[in-house]
């Protein structure tokens, strides 16, 4: 008998969601077969089998979250003996375990039932996953105080990411979660009652308010960006860039590339390349501040933020300074697509030294981004639009784009950031230098 | 109100008690002619004479037992055991006799006596002269064990111990004898069995006794300068143990660090941690942490001795780690 | 040190010979008064000694029976064979004098003046017992008659007795402390520390060593380099002497002399009373380590039978009178057993009543299954 455990599939992963069981109970498995898709904090990963055998039992149903190392299934020789031996208190039948083969995950069906009951009874577990009801649930690691406060505030521990030692959920995590719930709620209420009590709040939750289970990506984003905004003193530098030449340059470039069968290049690809070049010239911005120490990155890896329904992911283009614009364009496109499919590997989403976030396609003129730790700076790029400018005493219409650098003042001084922005602006306004 | 040393507070209180009660007498090694190994009894032989200040042969079992027997007939002996290490030679008389007289005979007799003795390491006295074995006595029903950390507490607890009708082990500490503090002149006796909250705070509870209680207040004051609010509890009484005060504090702060000069495994801190688990389980946001002596026979060489004993630095570090664990300021 | 040696006054030259190789019964009665009436005592006193000795004999037999009936728990050490010593020693004390003993003390408790019923009730663990049922066989106590405790730890009573003498000296009282112990006890540190302190500070205490040759199963020769135990007093310049523990009158005389000397001068002394333990160390000890000759000697030396015979021979008592005394003590013991049996067991609610004389805050009153909070 072999237990299949929740695998560790990312450097920061502490728990994972069974996204899909690719094998069902009774299926024969060969070493290397994909047994299940696991959603980590960063992506959906394929879990391969290390042994030959037959999947005899599924312990954790689709949509459920368990920590690394927790048994999620049992493999045996097909006799069923392994399953019988492997689970205390349950008789492993073959009829069970085909837990929700559909795309509807437990997590998505969980909404609407805020769980204040004991953690051992997941009220929202899909009915199909009958047998997993009997399997002892892994208690979320939480301090007694956190548990007490969670009970009091009606926070479901399984929805909270622990920030204590070893991922322990501590009081501040519960309070943050409770506060987040309150904010969500008040933003959705057109006319909040002046004196809401906790009990009316929880009543409210069942009717007008439903809880959306956090995806792992959102959990991690929430934690890391909160940390960033709390710990890194942000300052902001905004430049207006005349991109008239850049736009026409891009058109020319695309015509040529199209002729040679290459991919199209976006303005953002050019911005990314320009950033990489400017970072190479200004290594003081290509740094990290961590544990009271300043680190210099000797390579330039650019993160490019991609918005997904499940949250924000930032695929990384390594050594962007050494890649051509078309290479960047191709790689960025390919990675963004895989990110949308949840197929991006963890190492393709880590290690960036600087990020670019572009909301121009939504018509946003300008905005400020939150630094993506451990980076020291991020560039927020707005939309391009025509504006009247004064040139040599004449009114002229030019294409303008605004971009804002958010920098961690612990690592980057104002003047250093300003020089970087100056060079970046200069590159974008003289685009031939970008590909030089 | 006067600022005096811990030593002076003990001396003055002993003298006062001897003046006010004929039945109080001192007994121990080198307390008369030599005026005490640590000079607590200086001048008392001259003032009160040999009957009241009785030098003994080196015979801990004999003279401690004699004090118990005298106490059974109504005298109030104050025994000085030169250091707590030597109390082991009188263990039978303290544990099997003094502690049992009242209960074993159905309350017909009792042994109202005070066993004064200093513990503590840090003076390069080596393995046999540096121990903190008050736990041995705090373990025993029938005994009371008090551990003052300041001159004022020394006075108030010594008065209380002498007024008590049970055998009280009165734990002093070599490192505290020269410490100074304010001692009010008209100080009432302390209440045996009550801990003191010596600093109030809301972020973390630090619990100590004897020397480590003073270290705990130092650390709390350091942390206070950084805006960290630490509550400090000085146990004062090891038996009975004031669990209520401990638990009340931890229920407020959600985390605790225990500072003890004794060894960790089975030490005083183990009982405190268990009590916190009993009374404040649902309030704990991090495991209870203990800062205790390294588990070795204490070496002579200074760097080794220093490494083995708890200090303000080690307590400070443990407190910070615990604060990190509860996400303090995050 | 010649002076010290002269201060040691063995009770009789004959007693020394007792340590010799032969233990045949015939050579035992060195201090025996033969067919003549005991000296100096009135017939009433002698008859009362016999009554007390018989009472202790019957009492201990019933204690053993109570033990086998599981009415008596724990350990149960008996004074069988030591009745003459016990009665002789106690007759030398005033009621106001203090007695500290070891754990073989039922007879002492009775002879010091405690009602046999209270002693039996203590064995039965009842509230009417000498220690309210909290002490048991080894821990009898009665302030009224001056029994300041039987003590279960070998030698534990010696420093305490010395301290009681210190308190008497401190206050200038005229009481004397007697501290009883067994032969094996003279090897522990507390014995030597206390003998030294008592001599050094001139405290009115008489240390009495009951030498029945056996410390549990270990003989005196096996355990003591100086097997004539009274000589150990010499090291502390203390008077020491030996007496035949089977001779109640001799014991009373020697003990009385030392007690009165201590009362007058404050000087401590040591008395060694040699007798036999008729049975095992405790009720449950079959004493297989004793050879039949030795056991026979112990039976032959039975001090109660010998004293009865002696009193009848001397016309202090006739057969009817002896039988009447025996019937009376039998009735006393029956009454003691009935009293004990009828007495209430302690209420568990009183468990914490006697842990501390001064109640203080936070004193634990938790039962095993109670939560701390």
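Points to keep in mind about this one:
By letter and in written order, the chains are A, B and C; residue numbering begins at 1 in each of them.
Definition applied: contacts are C-beta pairs under 8 Å (C-beta built on N, C-alpha and C of every residue); 3 or more make two chains touch, one makes a residue touch a chain.
This is a predicted model, so every value here is computed, not measured.
Summarising the inter-chain contacts, the pair of chains with the most C-beta pairs in contact is B-C. Central chain assignment: B. Criterion: smallest distance from chain C-alpha mean to the mean of all protein C-alpha atoms. Chain A and chain C have centres, each the mean of its CA atoms, that are 87 Å apart.
Chain geometry summary: the mean Cα position of chain A and that of chain B are 56 Å apart. Taking the mean of the C-alpha atoms as each chain's centre, chain B and chain C sit 41 Å apart.
Not a single residue in chain A touches at least two other chains.
Every residue of chain A that touches chain B in the complex is listed here, in rising order: 143-148, 163-165, 168, 170-173, 227, 230. Chain contact summary for the complex, chain B toward chain A: residues 254, 281-286, 324-327, 330. The touching residues of chain B, counted against chain C in their complex, run 25, 51, 54, 56-57, 59, 61-75, 92-93, 96-97, 101-110, 112, 141-142, 144, 163-166, 191-194, 237, 240-244, 247, 274-275, 278-279. Contact residues on chain C toward chain B in their complex (touch as defined above): 98, 100, 129, 131-135, 139, 141-143, 148-149, 151, 153, 156, 158-168, 170, 189-190, 193-194, 196-197, 200-201, 353-358, 360-364, 371-373.
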